[in-house]
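Next, two complexes with subunit A in common: one pairs it with subunit B, the other with subunit C.
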Partner chain A sequence: MPEVSQTAAASRTARRSDRDRWWRRMRRDWWIYLFLLPTIVGYGLYTVYPLVASWWYSFLDWPGFAQRGTFIGLENYERLISDELFWNAFTNSFIFLLIGLPLRVGLGLVLAYLLSRKAVKFRTGFRTLFFLPVVTTGAIIGMVYTLVLDSTGPVNRILTGVGILDQPIDFLGDPDTSLFAAIGVWVWKWVGITMIYWLAALQTIPQELYEAAQLDGANAWQEFRRITLPMLVPFLIIITLIDAVAAFNVFDLIQTMTAGGPTFSSEVIEIFIYRTAFETTVPQLGYASAAAVLFGLAAAVIAVVQGLGAAAARKRMVRS
Partner chain B sequence: MSLSEPTVRQRPTAAPDTAPPRPRRRPIARRRVTTWLLTAGLTVMCLIWVYPFAWLISASLKTPLELFGKGLNLVPDEPQWENYVRAWTDGGFSTYMVNSIIVTVGSVALVILRSALAGYVLGRFDFVGRKLIIGIMVVTFFLPEGYTIIAVTQITDSMGLLNTHLGMILGLGAGGHVPALLLYAAYFRSLPKELEESAKVDGAGHFRTFFRIMLPLSMPVTATVGLLQFLTAWNAFLLPLVFTLSQPDLRPLAVGMVGFVSQNYTDHTGMAAAAVISLTPLVIVFILLQRHFVNAVAGAVKQ
Partner chain C sequence: MGEKRSNAMTRRQTLSMMGGIAAGVPLLASCTGSGDPDGSSGGSGALKWWDHKNGVWIEPTLERVMSANPDLTIEREEYPASELVSALQLGHRSDQMPDVHTAHPSLGPISVLVEEGWFQPLGDHVDLAGTAVADRLVEGVHIFDGKVYSFPLDDGRTHEQTPWVVTDRLPMDVDPEDARSWDGFRTVAREITKDNVYAIAFAAKGPNFLDLKLQQLASAAGATHVGGIDYTTGEYVFDSQPFLDAMEFILALHSDGAFHPSLGSMGPEDAAQRWAAGEAHIHWHGPWVPGVVTNNYPELLDMGFDAWRMPGPDGAPSPVHFPPPPGEFWISSASQRPEDAALAIAAFATEETFADMVNAMATPPIDPSAVDAAEDVNEPYRRNLLNLREECRYAPAPEARNPAVVQVVSEMQGINPNPAEILQGALTETIDDWRQALTEYTSSISAERDRAIEAVASDGADVSLDDWVFPQWDPANDFTADDYA
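Let's look at the complex of A and B:
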């Protein structure tokens, strides 16, 4: 039947012209892919591949980069779940997050709020000095703090001299205090950047709102409570997310201050991974990868929860 | 030193035609007291923040006896410059400094070139696969370094680049850096379309248009991206540590410091001098470019 063959021919030409169009588009756009090439290759090799490969590695018994791994199924995960040191590191990472994160976000907000008020003197000078630790090298700062917080170091001498302490405390060398001392140093180092985030957030609040509040006779606390805080909620979520990710990247400070010790009291997940993968005579790369996968999952869960929180907050803002 | 306010676009404020009635003010005397109390409180906190740096500089100029024997006086009796000489020559920090500079400069150049090229086409053109690329980047945005390090080491090893400068440059600059790319994309999108058209009329190809017109126009973004990557690369620790485990003379400053401390465990004054050497370039760049630092950081939140 002529009709059928006609439609067949039409669809064939349509397909051909589709392919033609695709080819024409590629011929026109080839340079775009050339521009993207460094990013595609680099990102593929150094970000996407590790993301996928870590899962595969976590099923291997793999005693070193020079050797090939053997597939052992879920054995690494079974071992991890019953490994006390893994849970110790996992718990420490979360203690770090639960204490360090609110301290950093809260203190950053207080500093930013004070330094955004016109009444306070030397605001730019203060800002510069609080920001200074942010630009410094974490690993170097960690080693400097081993001296500063040493039982014969200046902090202990000041505290015993003033009479706050009867006896010097070896902050980083005592298993009861090492993790908390590390958290303190982390907050000291990074609060300046959180402060700048908050300053940027504070500047988005229209000045008229404050003027109107002053007209109504509101005091400083009421202004903060009724205007500043509600306007900052969406930023709170973003800033908390950025800082939470940062709280999982503390290898440099902790490795140089305590290396996870004494007796694993300050060992966070990253130290656990580094120790099992690189610092032993027989590297356990598969085992370390399994720990890394669980760690990455935990980080992803936090990111997703925060993302949902951000979306919810935005929706509420739009409605009100 | 001064740190300027981050420039954040304020919502447009309507110019008042009539002067608003004066807000009721709190008593001036009480306000002044609060002001000074706040300033005093901040000063105390600031002293705590700065003290470790002051102590470090002072320790680097003292004798070991002075450091431990004497009280808390920050001013050394006589500056001991040989602490610096010891760290610089015997401690190997001259080599570490060169390594740090090579790795940092290399990775900054790599990140700028790569992000600018990709940001340009992602920001200004529509093409097959654009959404896929952006999607992958959003998904992998929050990957912690501890997660990727094993695979990154393995891939570097299989390319034969472990224990080389190039390996570290690629490791620090080739992956990640989604924020840099997004900054470029947003900036290039905001430029007028006529730029390419007039370049085309002048007979410039895509590459000439990019390198002669677009890249120079994006200087503000390049400054921001370069600065952030300078910090990242100079301060990097885990990756260069793993990459130079068997090659101490390739170590950058942060990793070199670890070796120095483990070999000269008792040399606290030399260690302090080495720390000052390692941190000085950062502080100099920070003081020179403070405004860019603040804008770069503040930009992250706005996105």
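Let's look at the complex of A and C:
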């Protein structure tokens, strides 16, 4: 018993000591927290609150025009599970990710590598050209590409002109090609920013390594394979994560190019959510929120897997 | 060196920070949308007015109201329809509603909005007796519990099946009478499709346009329905012969090669642009096209811009049916100045506004005399409005007889693919057996309505399938407010 009392007393003392330290730190550094307050409030209001609110809304039958919804438990989720159009949008979003992400990350790396080499002339001009679509509004690009990719547009004229196609294809109006055409436009629009990430990453590689390799007689491919790529692995993880998040934010582009059609062939999850929330006879905010939550969970799983992959990659690098 | 780091703030630093916070508070307040410090409508500032309509005919009326009432300032914001819906939903939840707004159908059924307390009565502040709208008010649509909440401005009998053409660009002389029957229309369409200029810029990108196209052509083929429900029986008729005929007609035009091949990526606005640019000869759309042409493509007015008649299977189409037109402007329940709001809204029930609507070549006004009296309007526009009077009729509105019908509609969940999506699927060859798809949809939506009726009835509402049946309805004539009695 005395031992127990001593332990409890020690524990109380330790807690008091912690509390004292915390108060001391607060008295000393209070202004730091004051300056952090706007960020914390802003993050709470505009990120945490909507996130938590959408979880709550997902349990409501909320037709939008009502001030508040009715709690219906998991009914929205049960309905979603059996909603073929939800799974269609879910699948389309992942197809978008699986095809668009490697293309964007890979092309960005190739462009950055080429445009970082001194042998390439007009590098700055090319970098600007590739970056220009990034600063152009997605909706504008969507509208322009609607004309570029339609059956009477320049792409079809070229493809039929050189004999690759027998008949023009309305790339965005054909259910077989609409999603892939949208992916292509997305990669084209955003590859410039990925290229900038890679350029920044390439500048972190010490020049001496290349010089040493050249002394050893390494050619350009060997330099890339043996020096550049291994040194870029940590950046690859970060860039992939950033671009993966971007691949789930394609609303403006898809809405202006295809609006998810034809017949849902290019409907990604954001369009599904928008359609169920705002474009039905009776707005279904609870149902749309449930779709957002379910998809958010799937995206979180991807982020976790990616994080684990990053940790494993770092460990391997440290060992080697 | 050796200087002790101090975390204390000087008096100047503290004052600067407090000043910054004070400056930031109004900035944060402005992030709430309206910048209205108390977050509510009303007070002595400007009357806030949100709508999704054409400002060309709205603003002159508001100007007249303000010049007649110097103390009244109205701030109007024009929104795209979809943005208005989300702005109102957010405004309703955060108590930042305008004083007056339009109620786009996507906001929800009007009677439910009234029940949810979105509006306050207009009739408490103004008397509409003697105006052109007085005898067009329908209980359950504009009047609730005996109180007038709003009134219609559009006539509402407005189909979107007028073939608008630029005669001088046609590759041959066409007698519009030859294009009145569906077969004749197909023949003309085939013949004018030449040299990479197609007969029709057909907007198949979104389902809304296709929905109207299919439903109104089905009406032309004899379906006595609104929204796919035949009010003589109360049944869904999406798989009836007129709907099948309408589907076949559209698909035949497509297989004839009459549609611009980019139909799958064209919305109505894209189609208008392609037509105006000379890529197609026919823009198959509503009565507002002359207004669009006058504003955006005036050069077409000197090239034989004209309107043909809506085609029907054997010539003159059967009437296209429309519900009573909804109220246009509504006083928000949050408004602290309902008298001013009512005064401004009532100013629209005047000859001047109806003349403005006609002169703007917008949708036809509810007062037909304005069309006859207008002098400076485009002739094809006026002729088309007269044609609409022959081709369109009012149908009954089940919710006007029993408001519980709206609860059923609200309870119903969407079935996909719906007929518009089936048509889109047939056009893009993703749905082979569209007849079967229409049959399945009809069966599914009927079952869904049955379920919704049961659910609403079990909550105590008195509603049944009979509420969709109007045996006294004569589809050849307008169903007026008096017919509900």
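Criterion: the second predicted complex is superposed on the first by the 276 of 320 C-alpha atoms of A that agree within 3 Å, B and C clash if a C-alpha of one lies under 4 Å from a C-alpha of the other, contacts with A are read in each partner's own complex, and residues count from 1 in each chain.
What we mean here is this: a contact is a pair of C-beta atoms (placed from the backbone, for glycine too) under 8 Å apart; a residue touches a chain by one contact, two chains touch by 3 or more.
Keep in mind it's a predicted model, so treat the numbers as computed, not measured.
Chemist: Fit or clash for subunit B plus subunit C once both are placed on subunit A?
Modeler: clash
Chemist: Based on the superposed arrangement, let me know which partner A:G217 touches: subunit B (first), subunit C (second), both, or neither?
Modeler: After superposing on A, A:G217 lies in contact with subunit B but is clear of subunit C.
Chemist: Which partner does A:P154 contact after superposing on A: first (subunit B), second (subunit C), both, neither?
Modeler: A:P154 sits against subunit B, while subunit C stays out of touch.
Chemist: Would you check which partner chain A:S265 touches, where first means subunit B only, second means subunit C only, and both and neither mean what they say?
Modeler: Once the two structures are laid over each other on A, A:S265 reaches subunit C alone.
Chemist: Mind working out whether A:L103 is in touch with subunit B, subunit C, both or neither, as first, second, both or neither?
Modeler: Once the two structures are laid over each other on A, A:L103 reaches no partner at all.
Chemist: Return first, second, both or neither, reflecting whether A:W31 touches subunit B, subunit C, both chains, or no partner chain.
Modeler: both
Chemist: A:D174 in the overlay: touching subunit B, subunit C, both, or neither? Say first, second, both or neither.
Modeler: After superposition on chain A, A:D174 lies in contact with subunit C alone.
Chemist: Under the stated touch criterion, which partner chain does A:F278 make contact with: subunit B (first), subunit C (second), both, or neither?
Modeler: A:F278 contacts both subunit B and subunit C.
Chemist: Which partner does A:L209 contact after superposing on A: first (subunit B), second (subunit C), both, neither?
Modeler: A:L209 contacts neither subunit B nor subunit C.
Chemist: Look at A:L236 in the shared chain and tell me whether it touches subunit B only, subunit C only, both, or neither; answer first, second, both or neither.
Modeler: Neither partner.
Chemist: Among 189-197, 243-251 or 279-287, which stretch of subunit B shows C-alpha clashes with subunit C in the combined arrangement?
Modeler: Stretch flagged for C-alpha clashes with subunit C: 243-251.
Chemist: So which positions on subunit A get touched by both subunit B and subunit C?
Modeler: After superposing on chain A, subunit A residues 29, 31, 38, 65, 152, 278, 285 contact both subunit B and subunit C.
Chemist: Where on subunit C does subunit A make contact in their complex?
Modeler: Its residues touching subunit A are 7, 9, 17, 24, 82, 85-86, 89, 92-93, 105-109, 112-113, 116-118, 196, 204-207, 260-267, 270, 279, 409-410, 412-414, 416-417, 421, 424-425, 427-428, 430-431.
Chemist: Of all residues in subunit A, which touch subunit B in the complex?
Modeler: Where subunit A meets subunit B, its residues are 22, 25-26, 29, 31-33, 35-36, 38-43, 45-51, 53-54, 57, 65, 111, 114-115, 117, 119-122, 124-133, 135-141, 143-145, 147-148, 152, 154, 157-158, 161, 188, 193, 196-197, 199-201, 203-204, 206-208, 211, 214-215, 217, 219, 235, 238-239, 242, 245, 248-249, 251-252, 255-256, 269-270, 273-274, 277-278, 285, 288-289, 292-293, 295-296, 299-300, 303.
Chemist: So in the complex, which bits of subunit B are touching subunit A?
Modeler: Against subunit A, the touching part of subunit B is residues 1-6, 8, 10-11, 13, 20-21, 23-24, 26, 31, 34-35, 38-39, 42, 46, 49-53, 55-56, 59, 68, 71-72, 113-115, 117-118, 120-122, 125, 127-128, 133, 136-137, 140, 142-155, 157, 170-171, 173-176, 181, 206-207, 210, 231, 234-235, 237-238, 242, 245, 253-255, 257-258, 261, 268, 271-272, 275, 278-279, 282-283, 285-286, 290, 293-294, 297-298, 300-302.
Chemist: Of all residues in subunit A, which touch subunit C in the complex?
Modeler: Of all residues in subunit A, those touching subunit C are 28-29, 31, 34, 38, 63-67, 79, 84-85, 146, 149-153, 168, 170-175, 178, 257-259, 261-265, 278-283, 285.
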